[in-house]
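By letter and in written order, the chains are A, B, C and D; residue numbering begins at 1 in each of them.
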Amino acid sequence: MGLTIGVDIGGTKIAAGVVDEDGNILSTFKVPTPTTPEAIVDAIASAVEGARAGHDIVGVGIGAAGYVNRQRSTVYFAPNIDWRQEPLKEKVEARVGLPVVVENDANAAAWGEYRFGAGKGHRNVICITLGTGLGGGIIIGNKLRRGHFGVAAEFGHIRMVPDGLLCGCGSQGCWEQYASGRALVRYAKQRANATPENAELLLSLGDGSPDGIEGKHISMAARQGDPVAKDSYRELARWAGAGLADLASLFDPSAFIVGGGLSDEGELVLDPIRKSYKRWLVGGNWRPVADVIAAQLGNKAGLVGAADLAREPDPVM
Amino acid sequence: MGLTIGVDIGGTKIAAGVVDEDGNILSTFKVPTPTTPEAIVDAIASAVEGARAGHDIVGVGIGAAGYVNRQRSTVYFAPNIDWRQEPLKEKVEARVGLPVVVENDANAAAWGEYRFGAGKGHRNVICITLGTGLGGGIIIGNKLRRGHFGVAAEFGHIRMVPDGLLCGCGSQGCWEQYASGRALVRYAKQRANATPENAELLLSLGDGSPDGIEGKHISMAARQGDPVAKDSYRELARWAGAGLADLASLFDPSAFIVGGGLSDEGELVLDPIRKSYKRWLVGGNWRPVADVIAAQLGNKAGLVGAADLAREPDPVM
Amino acid sequence: MGLTIGVDIGGTKIAAGVVDEDGNILSTFKVPTPTTPEAIVDAIASAVEGARAGHDIVGVGIGAAGYVNRQRSTVYFAPNIDWRQEPLKEKVEARVGLPVVVENDANAAAWGEYRFGAGKGHRNVICITLGTGLGGGIIIGNKLRRGHFGVAAEFGHIRMVPDGLLCGCGSQGCWEQYASGRALVRYAKQRANATPENAELLLSLGDGSPDGIEGKHISMAARQGDPVAKDSYRELARWAGAGLADLASLFDPSAFIVGGGLSDEGELVLDPIRKSYKRWLVGGNWRPVADVIAAQLGNKAGLVGAADLAREPDPVM
Amino acid sequence: MGLTIGVDIGGTKIAAGVVDEDGNILSTFKVPTPTTPEAIVDAIASAVEGARAGHDIVGVGIGAAGYVNRQRSTVYFAPNIDWRQEPLKEKVEARVGLPVVVENDANAAAWGEYRFGAGKGHRNVICITLGTGLGGGIIIGNKLRRGHFGVAAEFGHIRMVPDGLLCGCGSQGCWEQYASGRALVRYAKQRANATPENAELLLSLGDGSPDGIEGKHISMAARQGDPVAKDSYRELARWAGAGLADLASLFDPSAFIVGGGLSDEGELVLDPIRKSYKRWLVGGNWRPVADVIAAQLGNKAGLVGAADLAREPDPVM
């Protein structure tokens, strides 16, 4: 079918990449992420043009953090960009002269892993993205399942704790508040504040205060045995694994793929997640158990997945 | 494609019914439910033979409470019958000389509603069955989604409350413990025990003691304004609606269909469920909102759905 | 023993009042509340001097929001004023030339109610103050129980919900986050946002938006039957009552006295609190049950209580 | 004041012991625990007579698991013996011809530790008893605080988890369901069932099955590093410590004394409890922090405490 371009809209950079049918990235081009919707369209167009040079491109797939409609054309709402009912497909098509599809970024990453990464050979997989927040995507019967209105797989916002932590979405107790990079940092800060004697190494990696703790410090300290850092990962895993057990009851996939920045830590994160998952999996003794495996594409998953989804025919409504 | 027979294995009776392609039941035959696996095969065969007389039947669909494998042949495990890796398809086929498929009973009921009841015209619906327990089925893209291993849609066992009530499944805090007929009765008993002055009518309908309260008393008392009965329904709805909001974040269907014995109460149950659902729905102000509607087939849904699933080709693995 | 002066340090005003041995306020004097610790000492001194004129005063009692030491001299920490290890007794004594005792404000209010208000005649009462936050005081055996270090009765910070809402104290799930004026407003905003169709009256009392809802609107709307306003009070009462049931298991008082701004609503608040209290009270059927009664002194309780505590001998360490 | 006899009514044996004013046990006598209230009075009398021989006794103190009235005469209710409004003082006095006081057994144990064990020198201590269940006692100002009606310090039944585990008391989420010997065994069974690969040693100590796990196996296995056993203690400590933090906010004692069978494990139990306690203690950085210390009297605390309470004058009502 030819080459397509995937676009990944990140917090600081917009990356466009030319991707072939086997998921190889042939060229990339990055521009800074502006703040207004109009400037973002400009930036996307620039990135696409930059990456496109010398390639014969048949379509563009854009991965965007937000609720995208079923027709893959309009962003209903985005948490970090001022998009409300934004007709992104139309606007970008007008600029680049290519067919464009818009996709939720976690859906795009899930599709990337399914097609070219850890999900290859599976027909039914659930991907979760443990980054700053928690997102995911659903593959059932070899298809990305967007939901009837396009907003399925909002895993981060199922309620884990009744009357729990406030979430930016307006609800309380959302999974994302307990299993994400932000949650990990909160766990470490709380514990370092309450028991600094158990966080000496961790505190020494930052400015010495609990408030100065960053994600990278926790990873480093945990590998060297810092009790608070290890305990923070354990807490994260407790919630991540319990949520996967819920998803197993609901979706019964052949595998769970765990991606996102936290998954870069590998077994430091995955091993305790698996333990918690098995702890809470219902019926684990007499049913086939889905594996929990690491994503393989790293932060390329979204770009590659978005590019590949541009090749997929429009979902029938 | 011709007529098929649906079999519904209930706690006291096994019902077989001849069903046409439009979901009409042409004849039924019931036998008592025995206790041993072998006797149940006998009873299923008797019911099928009883219903079959005078009809040209092309297949049999059995709805069974339990975990059924993806091939629709073997029951991994059942909570109320001593089935462990039970090759039910094979055994019944040997007795009735017809192709047999086995299906989880809540899946069968969901399919029945989707094809011939409240779900007609929808492509993506989630059905929940509020009976003694809580079950459900997933229809995405016009197909029943069984999961990779056949055990998806175990809605009753997602964890609503960390460290919550013990469940028969071995886990804690399962949705079924908070949103089901059993939960409703527990709510009423607890409240009537703590504040009998608010349950005078409710208590008068049974033997006068909190322990004597049954589901039918709660329904009757609630309609007449008994405070404890009304409060018990409100509590049930609080949990049922919050769970539907979770399912909306995950599946994003066009509608939720609520069936099972509790749904026979109609708006007494559905109206507060809708309120709680909207209370907890994430992003309800800027995304299309799935309706919560009542099932239409009553306790026939499972039988009709099982019969119809016998016409569906085997799911590709 | 003569007259004493009670000082109540509020968010906007510092009030001093001359109080006799029967709890009557003979004169009061108010000054605005400054922001720095030193200016607050000045303001306390001015208020005391203003109230004192023409009276023969034997001591001063100051009610302060904060953790006060057992000797009633130093404020360890205050949430709203920059007091850290503040020797308030010493500073004010140097200015007014009278013996001074410092007391936690909720303790002072509890003592006021015990001596001259709803607690008269009781020997063992627990007072809770439902204001913007949640505080309280413990009277056992006719004595105010401050704890060994002076910081007992921090009722607002017992954990009601594991992994629950973040609290300003650094912990999570504190009772104050679920049962206080702030909680009531949050309940109403969340509900009005999710189901504005049930909050038409409530929304009409403010600027029309959920964010514009204030406490007084909720009270007004609830009295006129607004569903969201009523539901918000019900939610508040659910948590307040459950916490009182815990306190009954711990302290077993003869009565609970409910004061603070929310208690001004009277039975609108108290009646559902009592229902929830009885719902959760352990052993309510075979043990004597403490009453839940309304405070009587309104916002004078703290001033009167602080004045009276100035007459109490220093607690033995 | 002379010698008194303490009586400890256990599940299998009733022990009576002569105790001097320094808490020394001079003689003991044990009889089996019968099942009916009348036979228990006989047995108590026999035990008292057996221990009494050759001593000049001035009174008897009985520690009983149950709700005892403020006058220390009547058991309102007991969970394990069929006592309802049982006038135990009167009945035993009629048999032994000595003044008798009845006391809640956990109160008696707390008093024993306060007077002769870990609480010596403290004025304000909270004792918790981690046995099969969870009980405790309150010492404030050198006095045992029974509550207004005699039923204070029912620590085991404060609600830790809203909508949590059912408790024998009829409530849900009681602390005792999460921090007690029974809870520890449940934790181990659940985990060994879910992840037997992490419980090989633990399972080998019993009959090989999760259901065969007993408390003593968990202790033994934890000391040898069994992951499930260690994790079960960690879970127990998580809840025990969080509850102590709540009690610190309420009572602000100078120390917490941890007794009961679980405390026999020493630091294996106490160290993680302290960590969790500090994790959840509110204001730990700027207030004096009560120590968490081990009880010293073991299973003699109840008998010695009951004997000593027989010397205490009747509490004024």
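For the reader, a short list of remarks on this structure follows.
Note that a residue touches a chain if its C-beta (ideal position, glycine included) is under 8 Å from a C-beta of that chain, and two chains touch if they have at least 3 such contacts.
In this text the structure is predicted, and so the values were computed from the model without any measurement.
Between chain A and chain C, the least number of touch steps comes to 1. Relative to chain A, the chain whose mean Cα position lies farthest away is D. For the touching copies chain C and chain D, the fraction of interface residue numbers used by both exceeds half; the interface is of the same-residue type.
Rounded to a whole number, the gap between the C-alpha centres of chain A and chain D is 50 angstrom. The distance from the centre of chain A to the centre of chain B, each centre being the mean of the chain's C-alpha atoms, comes to 34 Å. Among the residues of chain A, those in touch with two or more other chains are 161-163, 170, 190, 193-194, 280. Those residues of chain D that touch chain B in the complex are listed here as 161-166, 170, 172-173, 178, 190, 193-194.
Those residues of chain A lying in contact with chain D across their complex are 162-163, 190-191, 193-195, 198, 275, 278-281, 284-285. Residue ranges on chain A touching chain B, taken from their complex, read 67, 76-77, 84, 123-124, 138, 140-141, 143, 145-155, 157-162, 169-171, 174, 242, 245-247, 249-254, 280, 282-283, 286-288, 290, 316-317.
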